[in-house]
Every structure is written in structure tokens, then in C-alpha cells.
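Can you read through this structure? Questions will come right after.
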Amino acid sequence: MINKAKLHEIIFEADTRMGKLFDVILLWFIIASVVTVIIDSVEPIHNRHQNLLYVLEWIFTIVFTIEYAMRLWVVKKPLKYATSFFGIIDLLSILPTYISIFVAGTQYLLVIRALRLLRVFRILKLVKFTREGMHILLALRKSLYRIGIFLAFVLTLVTILGSTMYVIEGSVNSKFADIPTSIYWAIVTLTTVGYGDITPVTSAGQFLAAVIMLLGYSIIAVPTGIVSAELTRSAISTNTHNCRTCGHSFHEDNARHCLVCGASLYLDESE
Amino acid sequence: MINKAKLHEIIFEADTRMGKLFDVILLWFIIASVVTVIIDSVEPIHNRHQNLLYVLEWIFTIVFTIEYAMRLWVVKKPLKYATSFFGIIDLLSILPTYISIFVAGTQYLLVIRALRLLRVFRILKLVKFTREGMHILLALRKSLYRIGIFLAFVLTLVTILGSTMYVIEGSVNSKFADIPTSIYWAIVTLTTVGYGDITPVTSAGQFLAAVIMLLGYSIIAVPTGIVSAELTRSAISTNTHNCRTCGHSFHEDNARHCLVCGASLYLDESE
Amino acid sequence: MINKAKLHEIIFEADTRMGKLFDVILLWFIIASVVTVIIDSVEPIHNRHQNLLYVLEWIFTIVFTIEYAMRLWVVKKPLKYATSFFGIIDLLSILPTYISIFVAGTQYLLVIRALRLLRVFRILKLVKFTREGMHILLALRKSLYRIGIFLAFVLTLVTILGSTMYVIEGSVNSKFADIPTSIYWAIVTLTTVGYGDITPVTSAGQFLAAVIMLLGYSIIAVPTGIVSAELTRSAISTNTHNCRTCGHSFHEDNARHCLVCGASLYLDESE
Amino acid sequence: MINKAKLHEIIFEADTRMGKLFDVILLWFIIASVVTVIIDSVEPIHNRHQNLLYVLEWIFTIVFTIEYAMRLWVVKKPLKYATSFFGIIDLLSILPTYISIFVAGTQYLLVIRALRLLRVFRILKLVKFTREGMHILLALRKSLYRIGIFLAFVLTLVTILGSTMYVIEGSVNSKFADIPTSIYWAIVTLTTVGYGDITPVTSAGQFLAAVIMLLGYSIIAVPTGIVSAELTRSAISTNTHNCRTCGHSFHEDNARHCLVCGASLYLDESE
């Protein structure tokens, strides 16, 4: 029989055979439940397979409820898990179906269904342990503050540019009805998305639009440069061997001697 | 009581507790005043809350006027501040409301309202002192000249491509009415914005459009590469230790000896 | 007369004069056949030159059949070639024309015609041997796993964002008819393509759209950073000299001594 | 009086005071002539200022003719200059106006007017001598071959994807009328331009479109990575001092000793 400690390993860890199997099965269950929600929104499918989709939804909910209960049971500090990021998501992905019994408003249910899709994020747990994923996440975390500053700058820019555009086009072009819409247009243009639902018609407006486009085309270099620089830097230092003499841990991939103290990094060479 | 020197530190610096508090409060006032201007432009909101928004605008203007007066009073060289970049912006963000008493034309007031949004740039003052912000600004300043050359090249390119497109499509497609519009279209296409308000209809026009797209898709690599290279380079040299022997200040992150003169960078090692 | 071994060299290799000539002639035949398929789809051209295009198609098919037969004949293990990637493509690029004799449904023939275009990939064989092509392919292969993780993250993101958008706009905007369409819209927006066939109309929808755009504008930095880092790293290590002492093969471009064992990389210096 | 040699220096070089002045004046003349051509295409302006624009055009033509004649006169090998890239452009930028006397067809004149815009490229002559411009051009030239391979790959990709889309949507969606149009659409989508003039309507079509978008969003990393890597590499090696002992020319910006032989790079230190 499986005891609590072993069950904990199976459910929470991914480095044993059983733990891996549990995670992969769970992954497929999550994907299947998400696909069910997605295709349920397509009217012809919903009308024809209403009952099947309803049953499937309840099966997924029951399975995830059992999983949630088991997690609460095996974990040492249930409250800490229940209030953690994944603990809350786990709860939110089963609650809506139960609430739907008492509350009839289908309109509101839709919102909750979308939240259930957050289950997919649990897939990232599998990724979290791979070396490559760690590498990118580390570089992103280091870049996060810089990208935050960049986004603050972009938001300031689109506020000013959008307002200026409202002043230029507002009186002539009904599409630039107010400043929020003009800021939305500035974001659409600066990020080079360019829907075309709102476009300038005056010469001055088209000139400013051209300036915003060239700006967006140029400053995209900033977040890209930040992440590139971080990844290049970490790519250069990916040797996992720590120096046994001084403990320095980042070395060139093909380094055999410590960068700092010069001691050999490999046992087989020094012996 | 607070003396002039201490007030200067609170208003102009952000490294004391009071100075930080002042900057954060000011930041929220600026954001609130900008949001007021933005939502005032939305017609239904303007019609319903006209009086409230009018009062709020005057409160913000008075607060910023007191702040501007205080800055002029505590600073050693008031004229130098008044003519500095932020001094002019500070003045421009209070002037329009006063002018609106004498000049009735609401049409023109709109232009001035947009300028008031420039207040947001004062937020950057907070950022200015952080190390990360400095880092990016330094790399951008170094890249500025190169990006300038790149933009000059792009402008030449879109002029020629836009004119060629006018020759190809001008007689068939009423959307390509003149060369300025065709150049505008070329910028929309090259920067991969692609509104779709102006699109080629002839085979030759679609072929040239495809060439411009592929060009834009490829040459975006240039500004990105410039900034990436600059940031990578500065990312490699971020060791803050100055050499105590020769004073050289940029070293590899894990360097322990000076790049220039070879002296040890750390005291604990040389002793 | 040409024997089997020599024919093998001419057909399969590109490093002799005859082998190069064969590949270049084949390349032009493939391009010509692809162009024929493409222009055959243009109705006015198809109606006027129907017979010519039909004859051309058969000429190309016969030439490629002879080439395929020759490849099967000269190769040592015909079965291995026939089941290889290019072996299957070679067969698929001649089969459709023969099948078209027996099966009349032009509708289905169109699908097969598109597959014939895969012939163009054979051009890459010529590239495969060049050093530069190798360099990029190597960097891409190394980056593939990381880009895969990135795409998995992007797909999760667009699923959640698309569903949220369906909840926000679904009841008001007929364009967001179901979740799959909303996910399609999220991809169009995140990748900054921005067709504009589906656009948000509510304030909340436009706000979420703006968030997705800024997200897409920022996270494009990730794949770019990954490939940049890989190429920068391999660009730094492109010295082709292998160490004559320990065999280590990647050295800095201007290195004169082996990174691993310290032996001189150049004969003329050690003598 | 100015002799032929000095005139050559003024006209062809930009490193003397007179040479610089000549280039700057010429630059403004070119820009003015280009602006004249551009605004002449705007119908209301053309109708009102027809005579003025006609006179201006002839003034520019005469000035550029004198300049062209002078270049032919002062250069040592006139034929070599006349057949060089800028020699041909110089001729092409004056010819059209003369031809317009004999040939009345305004329709054809338009084409030639666009060519005159190529004069702007002469601006690059000024840039050519600056160190920064050289730096970027060098990195681009090194990257050109790789970007060429990348573009060949992209063209193959859009041919196959466009054809597949024609097969999927062709029979249902009149916008995907033939394969060339479908390839045009594939380029619009892959480069993330996204006009929205042609969009898929079937589920399969929207799925393939989403795949193309994600592809385009990911592979833009390749040209960017290529240029980034090249610029990073050259940014690291920008010390202009050649080693006086071994002649090695690329050193780190802050290097004081030769990378290869260890000799000092600066005279003042060795003395």
C-alpha cells in the first residue's frame, strides 16, 4: 500500500517514475478539460453534443476535486498549499461547476469557465524542472525590472501620442472619438499590430502616425536587446562545475580551469 | 520647522524618507490629473460629471502651482531651473488652465490639455536614479547615432519605394492618390504595421508590397542588433569595483584582477 | 562512358564540376515546374494557355521520373533512399500527375499540386554544404528546444487570453462568436499581425487587446534573444583550427593557444 | 583661382572645409528637388502652383547638370565615373526633365520622376566616411550572405504555405483567387504586416493562418540574431590600435596589451 509520504512524492514531485506518470496523466486531463470548454462554446457543437459535454465537464470536475483533496491530505501544511498560487488555481478550476448548480445565470458561468483554463499553467510545473526552462526563466527574471521600466516608458509615450492624435484628428475623424480610444489606437500602431479599424485621415494625422510607426519599429529593439544581452551573458557562463578550491560557479562551457583561482575543475585531470 | 536646504532635499532628491514620500505623492497627483484629462474627453462622462471634473482640474492646477512656486523658491539658481527641461514642463502643465479663463475657444484648449500629459515624464525622475534605468539609457545614448543613420536610410528607402508604388498603382488605384500618401503606405508596410486602409490591387503592386514587407521583416534586425550589441557589451562589463591602482572602472563581472594594470581588485585577497 | 559510381557522385554530391552542374540544372527545372503550377492557378492564364501548361507539366513529370529512377538505380540501398525524407518528397512530386489520368476530380488534384512545391526544398541541399548555412542550422537546432518551450507558453497564453476576450466581448460583438475564433484573434493580436477582421468594440475589450499587444511586443524578445545568444556564442567561437595536442575544436577567433591544454594552435609559431 | 585638383577634392571628398560645404549644399538641393517632385504629385498643389513647380524643376535640373559636367571634367577617368553606381544615378537624375521636352506622355514621365528620388542616396556618401556608418555597413555585409539564405528559406516557405492555403480556402473564399495572391497573403501574414484585405474564413484556414503567424513571430529571430551576433562581435573588438609588434588589429576597447603577442599597444606606456 502507498503511504502518505510516497503519495506526496508522486503528486508533488516529477523525478520518480510514478511521479512522472501522475503528472503526464494529469496534463492530458487538463488539456482534455480545456478542449471541452473551448468546443462547448461553438454553437453547432454545443447544440448537438450538449449532454455529452455536460457529463464530461462533471467527470473532469470530480477527478480534479479528488486530486485537490489528495493534495490537501498529503501535504504537511495544508493551509500553506491552499493559499499558494497553484493551490488557489486548483480550487478555482473546480469551484465553478459546483456553483453552477445553485446559480443559474449562464452569462456569469462563462467568466468562470475561462478561469478554468488557467489549469494549463500547471503544465509549466513539468517544465520548471528542466534545465533549459530554468535558464530562460532566470534570464527573464533578471530582465523583468528593465522590461518594466521600458513598459512604463511606452505607456507614457502612447498617452502623449494618443492625446496629440485626438487633438489633431478628433474634430474631423469620428473614429478618434475620445482620448482613451486614441491611446488604444496609439498602442495598436506603436506595437505594429495595425488593425486598421481606426486610421488617420488628415495629412498631419498620417504624418504623426508614420512617426509612431517608425518609433515602434525602432524601440522594439529595447526589450529584445535586454533579453538578448541577458541570455548571451548567461549562455557564455553555463558550465555547471563549481570550483572545488574557491567555489566560483560560473565558467565558460569549455573551461577546465577555474577562472578565479586557476585550480582544475575536473577530478580526472588533477589525479 | 523645515528650512530651505531641507525643503530642497525633499523636493529635488529622492534618497531620503521624506524626499521619497514627496515624489510618490506627486506621482499619484500627476497620474490622477492625467486620468482626469483623459476621461474628460469621453463625451458621456464629460456630460454627466462636468462640474466635478472642472473642480478637480482646478485643484490639480493649484497644487502644481504651489509645487512650482516652491521649486523656484528653494532652488539656488531659479532661472536655471525655470529654463531647464523639467522646469519648462512644470510651467506648461499649469499654464493652460489659467489661460482657459481668458481664452474661451475650447477647440484650442484641447491642444494644451494634451501637453499637460507631459507631466507624466516627471515619473522618470524617480527612475533616473535607479541603476538599471541608467544602464539602459547609457546603452541607448551610445546607440542613438547609429539608430539615427538607420532611420535616415529607412526614410530614403520609403521615399523611393512609395514613389515607385505611386507610379505603379497611382493610375488604377484611387487609394494611392499622391506620393505623400504612397510614402505613408510604404511606412505602414515596411514597419509591418499594415493597417489595410491602403492596399495594392495590381499584380506588380502586390509584388512590390511583398518585397517591402520582406525588407521590413529583415532590416528590423538592424536597430535590434545595435541595441543588443550595446547592451551585451555593457552587460559583460558590470563589475562595479574600480581598480585601486589605476582607477579603471569597467571589469568583467567575475574579474578579480584589473584589466589594465593587473592589480588585485579585492582587498581581502591582497592582504 | 559514365559508370554507376560516377553517376552517384554527379546526382548525390555537389562538390565536383559535373555534380554542381547537375544540381543547378535540377534547381532550375524545379523552379520552372513550381512556377508552372503557380501560374496555372491564375484563371485568365489557365484559360488561354491550357494546352501549353498541360504539356509542360507532363515534360516536368517525365524528367523528374527519370531522375527518380536514376537515383533509385545508382544508390547502394534503394529502399533506404526511397523511405528517406527527400526520397518521399521526390516520389510525391511525380505521383500526382500520373494519378490525374485515372482520377478526374480536379478538386483533389489541387491538394497534390501544392505538395509538388515541396520540391523547392531540394534547393536547400545545395545550401546544406555551405559553411554559413551549417552555422545557422546548428544555432537553430540548439535553440529549438527553448523556442519549443516558448511556443508552449505562448499557446497557453493565447488560450487564456482568447477565452477571457470571448467572455468580455462574446455577448456584444458577433465577431467573437466562440472561443476558437477568439483564440485565433488572440494569436493575430499577440503576434502583432493585426488583420483587423475581428476587433474589440467594448472599452474592456480594447483594454485587454492593448495588454495583449504590449505583451506580444515585449515577449517577441524571447525567441529573438534565444537565437541571438546562440549565434553570438557560436560567432565568438569560430576559429576552425583544432588543437593538435588535445583535439579541442572551438576557439576564439584570434586565439593562438588551445583553450584546454595550452598548446600552440599554429605550426609556424611553435617551430 | 581654383585648379582642377582642388575642385576634385571639393566635389568628391568631404574632409576639407570647402568639400564639406559643397556636400551639405548639394544635400539640401537634392532634398529640395525630391520634395518638389513629391508635392507636385498632390493634385490641389499641382493645380495651384503648376508654373512655380515647373520652373523649380528646371532650376534643379540645370544645377545638377552643371554639377554632373563638373564631375566629368575634374575626375581623372571620366568613363569610369560615368559607369559607376553614383555616376549612373547622377545622369538618371537629370535626363528625365530633358526627355520630357520631346516626349509628351505624362504617364511615362511619372516613372522617371520616381527614379530622380534616387539622388537622395548620395546623402549616404556623407555617411560613408563616418566611423559608425562603416561599422554597421561592415556588419551588414558580413551578415548579407546569411540573410540571403534566410530569405531563400522564407520564400520557399511562403510558396508552400500560400499554395496550401489556396487549396484550403480557394473554393470557398473568393479572396484566395489564385496561388500568386495566396502567396502574397502568406507574405503579408508571415511578416506580421497583416493588412486584413485577404483573411481566411474557414476553421482550417484560420488554423493554418495562426500557424503561419506563430512561425513568422518566431523566425524573425533569425535575421535579428544574425545581425546582433555580428554587431556584438565587432562591438567587442573596436580598439583601432594595431599591435606594433605583431600587427594584430582587433583588440578589446580597453585593452592596453596585444592579445596575441603581449606587447604594449601604446607608446607612452612603454617609454
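By written order: A, B, C and D. Residues from 1 in each chain.
Just so it is clear, contacts are C-beta pairs under 8 Å (C-beta built on N, C-alpha and C of every residue); 3 or more make two chains touch, one makes a residue touch a chain.
The shown structure was predicted, so the numbers you read here are calculated from the model rather than taken from an experiment.
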- request: Between chain A and chain C, two touching copies, which fits better, same or different residues at the interface, with half of the numbers shared as the threshold?
  value: different
- prompt: Expressed in ° and rounded to a multiple of 5, what is the rotation angle of the C-alpha superposition of chain B on chain D?
  reply: 90
Task: Measure off the straight-line distance from the CA centroid of chain A to the CA centroid of chain C, and report it in whole Å.
output: 28
- request: Could you please state the distance in Å, as a whole number, between where the Cα atoms of chain B are centred and where those of chain C are centred?
  value: 39
- request: List, in ascending order, every residue of chain D touching at least 2 other chains.
  value: 150, 180, 183, 192-196, 216, 220, 224-226, 228, 230, 232
- prompt: How would one label the connectivity among the chains shown: line, ring, star, complete, or other?
  reply: complete
Field: chain C residues touching chain B - in the complex, by the definition given at the top
entry: 192-196, 224, 228, 232
Task: Sort out for me which residues of chain D touch chain B in the complex.
output: 34, 37-39, 41-43, 107, 110-111, 113-114, 117-118, 120-121, 123-124, 127, 130, 132-133, 135-136, 139-140, 143, 147, 150-151, 154, 180-181, 183-184, 187-188, 190-197, 216, 220, 223-228, 230-232, 234-236, 254-256
Message: Quick check: in the complex, which residue numbers of chain D touch chain C?
response: 145-146, 149-150, 152-153, 156, 159-160, 163-164, 166-167, 170-171, 177-180, 183, 189, 192-196, 199, 203, 206-207, 209-210, 213-214, 216-218, 220-222, 224-226, 228-230, 232-233, 248, 250, 259-260
